[in-house]
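This structure is in C-alpha cells; I'll ask about it shortly.
Every chain is named by a letter (A, B, C and D) in the order it is written, and numbering of its residues begins at 1.
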Amino acid sequence: MSALPRIGRLAAGPRGTIADVAGVGVGHATIKAGDLQTGVTVVRPHAGDPFMHKVPAAAIVINGFGKSAGLMQLNELGVLETPIALTTTLSVGTMVMAQVRTAIAAHPGLARTTTTVNPLVFECNDGYLNDAQALAVTEAHYGEALAAAAPEFARGAVGAGRGMSCFGLKGGIGTASRVTHGKPGGWTVGVLVLANFGRLETLTLAGRNIGPLLAARLAARTQSVAAQRDQGSIIVVLATDAPLDHRQLRRVATRAGAGIGRTGSYYGHGSGDIALAFSTAATVAHDAPQQVRDVRVLIETELDPLFEAAAEATEQAIVDALFAAETVTGFAGHTRYALTDLAPDWAELNR
Amino acid sequence: MSALPRIGRLAAGPRGTIADVAGVGVGHATIKAGDLQTGVTVVRPHAGDPFMHKVPAAAIVINGFGKSAGLMQLNELGVLETPIALTTTLSVGTMVMAQVRTAIAAHPGLARTTTTVNPLVFECNDGYLNDAQALAVTEAHYGEALAAAAPEFARGAVGAGRGMSCFGLKGGIGTASRVTHGKPGGWTVGVLVLANFGRLETLTLAGRNIGPLLAARLAARTQSVAAQRDQGSIIVVLATDAPLDHRQLRRVATRAGAGIGRTGSYYGHGSGDIALAFSTAATVAHDAPQQVRDVRVLIETELDPLFEAAAEATEQAIVDALFAAETVTGFAGHTRYALTDLAPDWAELNR
Amino acid sequence: MSALPRIGRLAAGPRGTIADVAGVGVGHATIKAGDLQTGVTVVRPHAGDPFMHKVPAAAIVINGFGKSAGLMQLNELGVLETPIALTTTLSVGTMVMAQVRTAIAAHPGLARTTTTVNPLVFECNDGYLNDAQALAVTEAHYGEALAAAAPEFARGAVGAGRGMSCFGLKGGIGTASRVTHGKPGGWTVGVLVLANFGRLETLTLAGRNIGPLLAARLAARTQSVAAQRDQGSIIVVLATDAPLDHRQLRRVATRAGAGIGRTGSYYGHGSGDIALAFSTAATVAHDAPQQVRDVRVLIETELDPLFEAAAEATEQAIVDALFAAETVTGFAGHTRYALTDLAPDWAELNR
Amino acid sequence: MSALPRIGRLAAGPRGTIADVAGVGVGHATIKAGDLQTGVTVVRPHAGDPFMHKVPAAAIVINGFGKSAGLMQLNELGVLETPIALTTTLSVGTMVMAQVRTAIAAHPGLARTTTTVNPLVFECNDGYLNDAQALAVTEAHYGEALAAAAPEFARGAVGAGRGMSCFGLKGGIGTASRVTHGKPGGWTVGVLVLANFGRLETLTLAGRNIGPLLAARLAARTQSVAAQRDQGSIIVVLATDAPLDHRQLRRVATRAGAGIGRTGSYYGHGSGDIALAFSTAATVAHDAPQQVRDVRVLIETELDPLFEAAAEATEQAIVDALFAAETVTGFAGHTRYALTDLAPDWAELNR
C-alpha cells in the first residue's frame, strides 16, 4: 500500500483498518453479474450480540439527501443495537427486514416480552454501474455478509462498494485507522467508508487537486464516461476504543466532515453525507439488573486527539477506497475506471 | 359523533377529518384474523403523483424511540415525495420496498436518469394485540391501502390502527380538523393520528383525568389486561391548505406536542412521538424547467391561528381514535377494550 | 397554598419548590417604582462555584422566539458553569456582562491561563408593565439576586417575574416539585418557571378551561386591559438529584412541553419557550486531574417517572406563578390583575 | 494580492470580498494600545434598516464552544434583523446592549407597540494578545464600526480581528468571493471570516501542509511563542445575492465546514466554529401589510454551484486573513507573527 498517499500526522494502527479497534469485524456479500454490480457490507461492533450488549453511538447528518434507517432512535437513546448494514439505496427496506428477521430468530421475546429492534442501515446509490431497479440484493445477502464479518476483510469494489462511483472514478469500500499520541497506548479511531461521492474536477489527494489531470487521462481513454456530480453519498463509520458517551461520539462523528472536505467535496446537494461513531469501551445491557450503571468517560479536553484522528482517518479511508478499487463495467455497459488504471501509483501522480 | 368530547375553541371543517384539506385522501388495508391484528394506512397528500409534484413538508421528533423511514431527507429538502404509509413496527422495511416498487413501476427512469425515491413510512408497535413476529403485512397491503385512499375513510381499529393500544384501551386511527378564525374562509388544518401511546392512569379527556375511573371499570371487567406504559408511539400527520414553507411547517408540527400533552401523556420513554406537517397550497415540480420558482408563503405573524388549530386538532384526533375504536381480541388471546365498551358516551363519563 | 389546584398524581417534595433538590438556591432582585417593574432572578445549581464544579445540563427550544444566552455551548459540552440568570429581554446583555465580571473577580486566570466563561441568561419580555426601554436592570442587580440565593425564596411578582404577564393576568415566578414513586426515597424533580405567556381565552387550570370565565370577570373590572397573545415566553428550569447525563437531561427537559401544553398554550409564535434541565448528582471538575472520569447514570428505562414528574411539576409551577402573583400597575398605567384578585380561590373557580 | 494562494476553480467577484454581494458593507473599530489589542467588526447586510427590512438567514454550529448571541431566534424565524457584530468573547454582552440601544433609538415603539430586537453577535477569544479581562470594548465601538461600514474595508489585524491568532500565527479578518458558473451573470457568494483557530502543525494552504515549515521558522525567530491548540473559534459570515430561503441558506452555511477543514482544522474541541448565511435577494418587512407574501427561491438542484462557492470562498477568506495580518505584540508582551513575516510570499512557501 505504499503506492497511495499517506494522510496527516498521526500513526495508523497495526492493520490500518477499522478493525484496529478490537472486536470490530467487517463482512461483504458481493453481486457481480453483468448488469448487477452491487452488494452488502456489514460492520459488526463486537463479536457478541449487539441487541443484548448495545454500544454507545451517535450519528450526524452533513447533508441529508439519503434514505438511511435507524438514525432517529440511535440519537434518542444513544446506542447502536444491531450490526451496521450498508447497501444500495433501493434495498434499504430489504436490509431492514433482514435485520428484523435476524433479531426475531435470536430473540423469541422480540416485540412480545421485550422491545422491538432498531435496524441500522446505510445506503448509497449505485445506479450508474448497477441495475438498481432489479433489486438484486436479498435478505440472504445480509446473512452472508454478517457471517463473513471478521477483522480481516477486503476493500474496494466489494460488498456495498461493488457498484459505487467516487469522483467519477470507481469508488467503494475504504478503511483506515489512527492512534492518538501521547497516551500510554493511545486510543484508536478506525474508519470505514462507503465512498460514492464527488466530482472529478475537484478531486484532491493529500492536498493536491489531481482531478483535472485524471479527467484528461479519462477523456483520452473514453468519450462515453458520464460525469459525476457531487452526489451519490458517502457513509462514514467511525469506531473507537476510547470511553465516550453519546454526546462525545456525536462530536467525534462531526469531524468526518473535515476529512470529506479535504478530498475536494463540498457536500454536494444530491449527496447523503452521514457519519456514525461508536465506542467499544463498554456496552449497555439490554436488560439492566440495576437502576443505575457506572460509566467511564473521557474528560472533554482529551477529545482533541480523537478529533484529529477522526478527520485524518476519514480522509485516508476515502483515499483507500479510490486506490483499492478496480475498474468495473456494469449496467448498460457503463464503466467506472479505477484510479490505479489511470495512474501507476501515487508517486507518479504527485510528481 | 356527539358522544365524544369537543376539544378547544376553533370550528371543525365540514368533514371533521384530515380530508377537509382538499385533495388529501386516506386508505386502509386491514388484517384481522386471530393472532393477526394489524394493517396499513396510507395518507395521500393529493390525487396526483407526489414524486412528480412534491409537497412542502417538515417533521419533528418529540421522542425518538421509533423506526420511521424518510425523515432525514424530508427535512433536508423540505418536501414529501411519496404517500405516507403507516404500519406496524417490524413491517417498516416491507412498506419501504412497496413504495420503492410502486415508484419504479411509475417512473422508468428512477435511479437511472433521475434520482431515487424517498419512502416515508411511520410505525407504531402493535405487539400486544398482533403477532408482530408473523410479519403479516405484505407489500400488497400497501397497494391495497393506496388504492383505497379517498376523502371518506374509516377510523378506529382499521388499517395500521387495527392492533394499536392507547392508554391501555383500544387505540388506532383518529382524525379531526380545525378552521382558523377571522380570515375569508380561513385556513384548514387536518390531522390524522395513529394512536398507540399513554398510560391509563394519566388519560385526560377534554381536561378531565378520567383514567382512574376507566381503570376501575376495566379492572372490574377483567384481571388479565396488561397495563400499558407510556410507550408504543403516536404518529401525528398534519395537513394544511395554508401556504407554508418547510420552516413554517416545522413550527406547525411542533404544536402537536401540546395536543399530545393535554391527553395526559408525558412523552413516555418508549414512545416514538413524531409529527409531520405538509402543505397542499402548492407543489414543487420534480423536474423544474426554470432556475427559480415563485412561492407564496404566509407571513410569520399569521401563524398563531394555525398553531392553535394544530394543537386542538391533534388532541381531538386522539380523542377520536379512542371513541372510534372497537374492542379487539388478538395475539395470545390479549384483549384491548374500547373506551365505548367501558362508558356509554362522554356525557356519562363527564358527569 | 391549599387554594390552588393540585396537578397530577405524583407527590411533591417537602418544600414543593425547586429547592427540594438539595443545594439549589434561588434569589431575586426586584425593581418596583412606577414605570419600572422588573428585576432579576438567579437560580444557583449548588452552593459552590459552578465554574469550578460544573453540573451536567441540557436545554431544548420549543419555540425559539427569544434571546437567551449560553445555550449553544451548554448543549455542546453538556454542562452548566454559571448560575442561571433570568431577566427582562433587553437586559440580557447586562446580565451577560455581570456574569463575566463575577467570573473575572473569582478567577484571575479567566481568558488568560484558562478558558473564558459561558454566561447562562434567560429572558422574557415584560414590556407591558415595565418601561423596558429604560433598561433599569443593572449589573448590581445580578449580584444582589445571587447573594440572596437560598433554598427559601419568594415567588410571584418578584425578581425577573415582577413585570411579567401570563394568560393576560399577572404572571411571574412559580415553582413546584415532584418525587418519583417506587424507589427508596425516589428522585426529586424541581421546577422554577418565569411565566410570561399565554392567551386568557385558552387558560386551563387542572384541565379546566377557566379562561373565558376569568375573561368575563376581567372585562367587568376594566375596559382598558390589553389582551395578551400567546407570546412573551416561558422559561422552565428543571433541577433533579437523579444521576443523568446530558442526553438524558435533554429528554427530561423535553417533557416541559407537555406541562406547558396542558395549561392551554399552543406555544405561540411570539413566545420563547425554552427548558433547561440540570442534575446535581455529581459535578464535573473544571480542571480534571485525570484523563477519564467515572460517572453514575440512570439506566434508560428508569426515566419514565422523571418524565412524568417533569411534566407535572412544570404545569404545577405555572399554576403556582399565577396564584402567587399580585396585581401590578406599571408602565403607562398598565395593570395586570392577579388571578387571585378575580377569584377568591381555586375551589370557587372550579365549581 | 498575487502573493497569496488562489483557492479552487471558481472566479472571484470584482472586489474579491464579501462586498461583491451588492449592499453589503463592513466596518471596524480597532483598539491597539499596549495590552489592549481588540475591537469590533460590523457586517451590514444592506444599506437600509435591517429591523424594518429583515434578510433571510440561517446559522449552523460546527462546534459549539462559543458564546454567540442571537442564533436561536434567527433559526426559528429565518431572518436576520440587525447588523452582525463580531468582537472579543467577554464583550458579547456589551455588543448586545449596543445593538439594543441602537434599536431603541431608531424605533421608539420597540418593546412597546412592536417586538423587541434580536441582536446578532459573534465572538472569538483574543485573550493571548489582548488583555481580555480589561473589557476594553465599549458600546461606542459598535457605533463606530457600524458608522464605518462600507463596501471598501480593511482586513487583517483590524476590528474584531485585532487580537486574534490563527494556526499559531497572527489571524483576524479575511474575506473572499466567488461567482457561480454557467448562469447569465451568475450568483455571488461573499465570505467574511474572523479567524482565530487552528494549530500550526496542521496548517494547510492550497492543499499544502506548510505548518511544519512555518513552525521551524517561527522557532528560529523566538522561543517564547506559545503554541495554539485548535481552539479559539472561527466565525464565517456568508452573503449571497441568490434568492434562497432559510432552509437553503442553512445548507449553504453548512459548506463552510468543508472550507475550514481544508485549511487543516479538525474543528478543535475548544473552538466555536459557526457559520451564518444570508441572502440579499429580497427582504422581509417587519410590518407586513398583507397576510401572504410572494417569494422567489432557487430550485434545489441549482444549489450545487453555491455550495462549491461557499466552500471555496471560506477557504480563501481564511487564507486572506493570514496573508493580510501583520505581526502584533500585545498583552504581557505576547507576540503573534504574521505569516508574511515568516515568508516573503506564497511562491516562496510553495516551492
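Criterion: contacts are C-beta pairs under 8 Å (C-beta built on N, C-alpha and C of every residue); 3 or more make two chains touch, one makes a residue touch a chain.
Predicted, not measured: the structure shown is a model, and the values here were computed from it.
J.: What's the fewest number of moves from chain A to chain C, given that each move must go to a chain touching the current one?
T.: Minimal hop count between chain A and chain C: 1.
J.: Quick one: which chain's Cα centre is the longest way from chain A's?
T.: Looking at centroid distances, C is the chain farthest away.
J.: At what distance in angstrom does the C-alpha mean of chain D lie from that of chain B?
T.: Computed value for the inter-centroid distance: 44 Å.
J.: As a quick test, compute the distance in whole Å between the mean CA positions of chain A and chain B.
T.: A distance of 34 Å separates the two centres.
J.: If you average the Cα atoms of chain A and of chain D to get two centres, how far apart are those centres in Å?
T.: Once rounded, the distance between the two centres reads 33 Å.
J.: Touching two or more other chains, which residues of chain A qualify?
T.: Residues 63, 76-77, 251, 270, 300-301.
J.: Once bound in the complex, which stretches of chain A touch chain D?
T.: Residue positions touching the partner: 9, 62-63, 201-202, 204, 206-209, 229-230, 251, 254-255, 257-262, 265-270, 300-301, 303-304, 307-308, 310-312.
J.: Chain B touches which residues of chain A in the complex?
T.: 61, 63-73, 75-77, 89-90, 92-98, 100-101, 104, 110-112, 115-116, 118-119, 125, 127, 132-133, 135, 270, 272
J.: Under the stated contact criterion, what part of chain A meets chain C in this complex?
T.: My answer: residues 76-78, 183, 243, 245-247, 251, 288, 290-302.
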